[in-house]
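Presented sequentially are two complexes of chain A, the first with chain B as partner and the second with chain C.
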Partner chain A sequence: MSEIKVIITGTPGAGKTTAIAAISEVPPVRTDTATTDELADVKSETTVAMDFGELTLEDGQKVFLYGTPGQQRFEFMWKILVQGGLGLIVLVDCTRADPIADMGMYLDNFADFVAETGAVIGLVKRDVNDTPAVDDFYQALSQRGLMFPVLEVDVREQGDVSLMIEALVSLLEFA
Partner chain B sequence: MKYLSSIGLSAKDETVLKSLIDLLGARTSEEWIYRDDVMVDALLLDFDNSEAVAAWNTKPESVRRNTIAYSSEIPGISFARRLAKPLRAADLIAVLKDIEENPGKADKAPASSTPPPSTQAPSEISTLAECVARHSEGLLRLTFGDREVVLDRQRRCFSTSESGESLAALLAHPFQEFQVTRGADVNLPPDGSIKWLDQKALLWLVGQSGSHGRLIDGLEQGGLFRITRWPGFGLVRPSQTVLTLCSMLTRKNAMSIEEIRSVSGVPEFDIIAFINAASLTGILVAQSGDAAKPDKPAAKPELPTERKGLFAKIRSRLANTRA
Partner chain C sequence: MSQVRISESGAQFCQSVFDDMMSQCDAVYGVLISTVDGHDVVRSFKQDMPAPKLAAMMSSVLALGETIAVEADQQQCRYVIVENSNGYILTLRLKEKLVLSVIARANANLGMLHSISRSAVEKLDEKLR
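Entry: the complex of A and B
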């Protein structure tokens, strides 16, 4: 059986590790280490290699969930992790200074992968402060010639993480 | 001398209309008088007032000829003569002059491209989706026993006694079973005692639950449809059917209901509910089915069976997660 991978990326602190923990059948494998840079103000630990979780399908086949490190300096890891991936989930932390630019940065870096597969944009922490409207994200996608689902999610909720994967699967099958 | 009357106008609009008629003077070729006790030459119909539209539908053709549809910007009103709210003297003069010059002009679709107008006169309201589509201003209260929903179109918000799935189930009841109250007749408790939510969540659910297989007026059964973005699902988690339709209808090229049904296998009933919901929430783009499709895209390559099987298994697994 071939390996089925769903890749979850996004800004540091957006909740990639939390998302995988919310839905994985097994305790997620984490490669966190203490933050020592400016990120220390936001979170005490950050992912440096990948997070890993899995789901088992009815015939025993596994779907692996890979969370990339969020920081751009780990860009080299992104290219490795996406190889053979089914599609991409981009988590955007809406409390950051420019969430739309954040989304654009990840779409740029995963451009080849996204062009071959598809992506779902998950907006997190929408209730914390004034953030761009969902339509602004769609407009930014449209300017790139892309039409992906933009969903407001709480990655602590299993149902919301499940919804993003289901939307990704629908996109891959019908869009 | 010509006579004008109205159906369904608010007291304020009726007063304004009568005042404007009195002031027209020599600005029209003929003298116009507001009368509702004689056979009139023109009739102003408040298209946003569904009860007025229903009453208008029962009137004989001799009364309905030269009807002027008075409304907010509701797409797809199928009248040759229209006035946008609020009432303006210049617009009224223009439409009355048109009636003077072309008294027998048949109602036909206005020159608008998106969404395509129906060529039918507005039908009697038979679904909740239609009721809400036609109510574009002010308050609307839908009562079902001790359960209710209040929609405030002005403030783009709603309030309800229900939550999530319970609201969806409520909205699925036949329209005739609701008690409908509009405008000033809707008495609200004092501010602060009601929780208001963004109206889009309700509008989406009204389309999804309250369509009963009927497209809302202005949408053609044979039209081509697409959506400009995925909807915000709000209160109720979307079904797999909805996710499928979202994916298909965000393609660059619009699709007919028949094409969608054929490719996705989704029943027409559900496709119509989705299209109505998309229309109510303002994300639908509709083209006339008569218009030639620009460039028919190359058919999407059929997914290998193995791939389809994989997607089905993932969905099944995630459905178990939800259960």
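Entry: the complex of A and C
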């Protein structure tokens, strides 16, 4: 196992592209194009195919990172991108109306993949009031019969992104 | 909902361009205009195909084509072509935020498809805002 593939998903604007750009050792591959729908109020570009980046862990392990598009209309890309993957990182944008439901939506859509592998939940944009406590996410996971790490992260920080990847790798090593 | 909306007269103009394409090359059985971020805008299909899904897929394929070109040190991706045992799918950019896709049976001539797609883009480019 000298190369592993990790997939990052989550709602549009959660920070998948930002996370990969923050950590990749090579210039990341991006497929962002202009937003033409209501998302344009939030951001001018959105990923329509994939993001790609590479990094090397301390033990020499090579990690290939794939970011998905966030919108459900790109679910065909989700199916393509998980092939051969080791695990999933779900970024949950805590500024949105119902972050726990957002997490559930991605866990449902990636259910087969997650059942075979595992996932780490990254809570992003926590610098906002009235957002569910970390425990609420653990509770929602356990109601689904899932035990995955939930981390509060700033995806603009390389160290935070690497924390999620390390959590995923160790979750799967000891699974 | 897509915010890119075409006026009624604009949609009629698109339909007339699509009709011309289909009469110039009767192997063409689908023409679709969608947005770069994958929303279906206007289409003419001679057979049933899932326009919303195709619109999303066309935006992915075009974005990947353009990205692969850059990685391979090539510039200005003109078309992405998917060539299959029984047909062709040709995708190209239209204005800044739109995508034109042409779907044809295998009896189409690829050179012909190129030329009718190019000239459609020129016509649409002039007319659409």
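Some points to look at:
The definition used in the following text is that the second predicted complex is superposed on the first by the 164 of 175 C-alpha atoms of A that agree within 3 Å, B and C clash if a C-alpha of one lies under 4 Å from a C-alpha of the other, contacts with A are read in each partner's own complex, and residues count from 1 in each chain.
As a working rule, contacts are C-beta pairs under 8 Å (C-beta built on N, C-alpha and C of every residue); 3 or more make two chains touch, one makes a residue touch a chain.
In this text the structure is predicted, and so the values were computed from the model without any measurement.
Using the contact criterion defined above for the overlaid structures, shared-chain residue A:Ala115 touches neither chain B nor chain C, since it reaches no partner.
When the shared chain is aligned, no partner comes close enough to touch A:Val128: not chain B, not chain C. Once the two complexes are laid over each other on the shared chain, residue contacts for A:Val29 go to chain C alone; chain B is not touched. When the two structures are aligned on the shared chain, A:Gly159 is found in touch with chain B, with no touch to chain C.
With both complexes superposed, B is the one of chain B and chain C in contact with more chain A residues.
Within chain A, not a single residue is touched by chain B in the first complex and by chain C in the second.
Those residues of chain C that touch chain A in the complex are listed here as 1-4, 35-39, 52-53, 55-57, 59-61, 63-64, 66-67, 71, 96-97. Considering their complex, residues 228-230, 232, 237-238, 240, 243-244, 246-248, 250-251, 263-264, 303, 307-308, 310-311, 313-318, 321-322 of chain B touch chain A. By the touch criterion given at the top, residues 29-40, 46, 48-50, 69, 71, 73-74, 76-77 of chain A touch chain C in their complex. Across the complex, chain B is touched by residues 4, 23, 55-59, 61, 63, 134-135, 138, 147, 149-152, 158-159, 162-163, 165-167, 169-175 of chain A.
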